[in-house]
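There are structures below to look over.
In what comes next, chain A is part of two complexes: it sits with chain B in the first one and with chain C in the second one.
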Partner chain A sequence: MFATFDFDVIRRSLGYLFLDGMAFTLTLTALSALGGIIFGTLIALMRLSGFKVLGRIAGLYVDFMRSLPLVLVIFWFYFLVPYVGQWLTGASRPISVGAFTSALVTFIMFEAAYFSEIMRAGIQSISKGQPAAANALGMTYAQTMRYVVLPQAFRNMLPVLLTQTIVLFQDTSLVYVLSMPDFLGAASKVAQRDGRLVEMYLFAAVVYFTISCVASFGVRRLQARISIVR
Partner chain B sequence: MIEINHVSKWYGSTFQALKDCTTKVAKGEVVVVCGPSGSGKSTLIKCVNALEPIQEGDIILDGIKVNDPKTDLPKLRARVGMVFQHFELFPHLKIIENLCLAQEKVLGRSHDEAMAKGAKLLDRVGLKVHANKYPAELSGGQQQRVAIARALAMDPIAMLFDEPTSALDPEMISEVLDVMVDLAREGMTMMVVTHEMGFARKVAHRVIFMDQGEIVEDAQKDDFFGKPRSDRAQKFLSKILSH
Partner chain C sequence: MNYNWNWSIFFEPAPGGTGTYFHMLLTGLWLTIQTGIFAWIIALIFGSIVGVLRTLPSKTAYWIGFAWVEFFRNMPLLVQLFLWFFVLPELLPRSWGLWLKQMPNAPFYTAAIGIGLFMSARVAVQLAAGIASLPRGQKQAATALGLTTLQGYRYVLLPIAFRIIMPPLTSEFLNTIKNTAVAITIGLIELTGQARSMQEFSFQVFEAFTAATVMYLLINIIVVTGMRFLERSLAIPGYITGK
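Take a look at the complex of A and B:
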């Protein structure tokens, strides 16, 4: 049945697929994960802070983001932000935000909602005696978080954070709605151009599957190593 | 050095953990606080460096009012060492790093200075060879000695001990008490919540007995062990000294 297929199209487009497409996907994944974890940690700290108002705002934000389909957020963000920017700055025309910037900000904001829940669980997993000991040594709230609580929370949650990042890696393919040249977008372009839809989409699926699978395996090994040390 | 004046504390709106407690610890004095579990003794000692807030009364530490909202608490706490029941070493840091962290970040000492001080104190508690291990690799008694060294590294004006030997296996208790006895004999001001009456007999100047959030008895050591005035203290002593 493979006789009518032309798998050579893959070999011919490898350079474009990986050097452009995959590089874009990995960059977007890495930056989104980094930003998402930082922003998510801030949200988690807000939720756990003694200030009711801050906690409430953070809680609403998380619920809001988790109640929307990611693809819609990407879409709306891309089309709305220029107008919001115009309104905020009082400019005469919509501000142009590059597609990459727009997508990156969307992913950071969206993923932060998920990362914040992971970090919240991580912070709550640290016994209260730890911040008490840090306080007793004269550390401020910020120092206690930075040097004592967050490093431990982060370490405990590393496997879950990485797993969420693997999900994020797959989710970045949704930027196709903005016709951006990520890996799937690149594969799709070649597919349309050469009329080789089955081959290219099959190949894209295999690549996503392989990378995610290997990464998951790596996370499991890491998890096993962490649990021995503790 | 430590003055506790008419302190009351509630958890929530109903449960009163401390009822009008008044006592003081003079410079160089060793005061042991004992009493049945739930008597408020740990709560009282945690109020001294404001790890627990109080609702009524005053606590004055070296002339500074602890429960004044304007007091710079981190700065004040840095001057008082505290040792916890469950050690609370930072598990992600090596032993020597546990000793250096607050010296560098709170007192602003240089890394070399902090390392030197840390090594000296580790040597003092007999754990110099373990400097580069992680807390989980040490026994409970060793961890508690590290915790004492960590507190001493801040050059505290007084030390608070919250049941320092309660979480230890029996054979490890004496190694921790030995360090505390040395400290007491050097003239450190100490407030110690403990059931170790042997320790109290050896180095305490005064013994405070608490029950149900009240200071029932506050007496010189010899008076306390010789002829406790209250029934409750007598009962408590007969229970823990009978075996």
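Take a look at the complex of A and C:
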């Protein structure tokens, strides 16, 4: 059944697939994870701040984002970001943002909801004595969080955060709906140009599978190494 | 924001000639629900089998379960749908492939089966964890009573394990419904797809997406409420979820 296969089409397009497509995917994944974790931590802090209103707003945001399909959110932001940009810069017409910026904003806003739940669990896993001791030492709230609570929460949750990043890596393939040139988008463009859907999609599947497998194996190793024996 | 809001757009006739834009979105909503439920049934069936396989003492069974979960978890759903939709018909014998391609509603069946299998890996992991969380005595007592392995699972382990994993299963069900939106890429015009075509026809982007958003939120509220009711009525008194 592989007789009619044209594996050369993969070899011919390797440069485009990896240097353009995979580079787009990996950059988007890394920046979204970074932004998502920072924004997610802020949301988690809002939820745990003890201010009812702040907590309510953060909770609503998380529940709202988590009840929508990512595809719909991608469409939302694709159309919304130009208007928000216009409002922020005071321009006279909706500003045009690149495909990459639009996707980045989408993934940061969307994944922050998921990262915030992880960070919330991490912060709650720190025993009450820690912030109490920091308080007794005369540290302010910001110092307590910065030097005592967050470093430990982050360390405890690192495997979960990385697993979520692998999910994010797979989710970035959904920018396909806006025909962006990520790895799958690149594979699909070549597939349609050369009429080689079978080869290109199988190859894309193998690449995603390998990367995710290796990454989750690495996370498992890391988890075994850094877990604190209590 | 210089955007021309026009909320009455929902009552204007859509170009399809089948009714208003609102009706168009409702058709999409109905298709989303159908796909979601069909996919969920598949996810439950395969997820239960694979989840049980992962907890059996047999090494072979464990590895089959392990391979199943890793296979479906390590590829983006979108890529999996492409494999089922574009690649599978080409790899099958010619006549089968032709039959698959000419099947009416192909996007619907592909989406339901593809999303179902994708979610089955997650259900399997939850169920295996649920079974593993039961005290060892449960299985031993079942064996001591003379139940076979199959009977032990059927009458002792599974009824409790499924009750324990009700809350995570609820969110997996919601994920299944949300994931149906990915099927827009293989031509299934479900809720997100209808919102997108409404936006293309009418240029009222934000009205269309707001309506779809509200509908997804409603689905969530209904499912969460229903599942909470189910959880309460199935709770075993004195056991974790019971009072």
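The working rule: the second predicted complex is superposed on the first by the 217 of 230 C-alpha atoms of A that agree within 3 Å, B and C clash if a C-alpha of one lies under 4 Å from a C-alpha of the other, contacts with A are read in each partner's own complex, and residues count from 1 in each chain.
One rule holds for everything that comes next: contacts are C-beta pairs under 8 Å (C-beta built on N, C-alpha and C of every residue); 3 or more make two chains touch, one makes a residue touch a chain.
None of the values given here were measured: they were computed from a predicted structure.
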Answer with clash or fit: chain B and chain C placed together on chain A by superposition.
fit
With the two structures laid over each other on chain A, which partner does A:Arg155 touch: chain B (first), chain C (second), both, or neither?
first
Going by the contact rule set out at the top, does A:Val81 touch chain B (first), chain C (second), both, or neither?
neither
With chain A at the apex, figure out the C-alpha centre angle toward chain B and chain C and round it to a multiple of 10 degrees.
110
Check whether A:Val190 is in contact with chain B, with chain C, with both or with neither, and answer first, second, both or neither.
neither
Given the superposition on chain A, which partner contacts more residues in chain A: chain B or chain C?
C
Applying the document's definition of touch, where does A:Pro69 land relative to chain B and chain C: first, second, both, or neither?
second
Regarding the shared-chain residue A:Cys213, is it in contact with chain B (first), chain C (second), both, or neither?
second
With the two structures laid over each other on chain A, which partner does A:Tyr201 touch: chain B (first), chain C (second), both, or neither?
second
Once chain A of both complexes is superposed, is A:Met119 in touch with chain B (first), chain C (second), both, or neither?
neither
Just how close are chain B and chain C at their nearest CA atoms in the overlay, in Å?
25
Return the residues of chain A at which the contacts from chain B and from chain C coincide.
none
Of all residues in chain B, those that touch chain A in their complex
49, 51, 73-82, 84, 86, 88-92, 101-102, 105-107, 136, 150-151, 154
Residues on chain C engaged by chain A in the complex (per definition of touch)
1-3, 70-71, 73-80, 82-83, 86-87, 90-91, 174, 178-182, 184-185, 192, 195-196, 199, 205-206, 209, 212-213, 216-217, 220
Contacting residues of chain A [partner chain C, same complex]:
1, 64, 67-72, 75-76, 79-80, 83, 86-87, 93, 170-171, 173-174, 176-177, 184, 197-198, 201-202, 204-205, 208-209, 212-213, 216
Counting only contacts in the complex, chain A reaches chain B at residues 127, 129-130, 132-140, 143, 147-148, 151-152, 155, 229-230
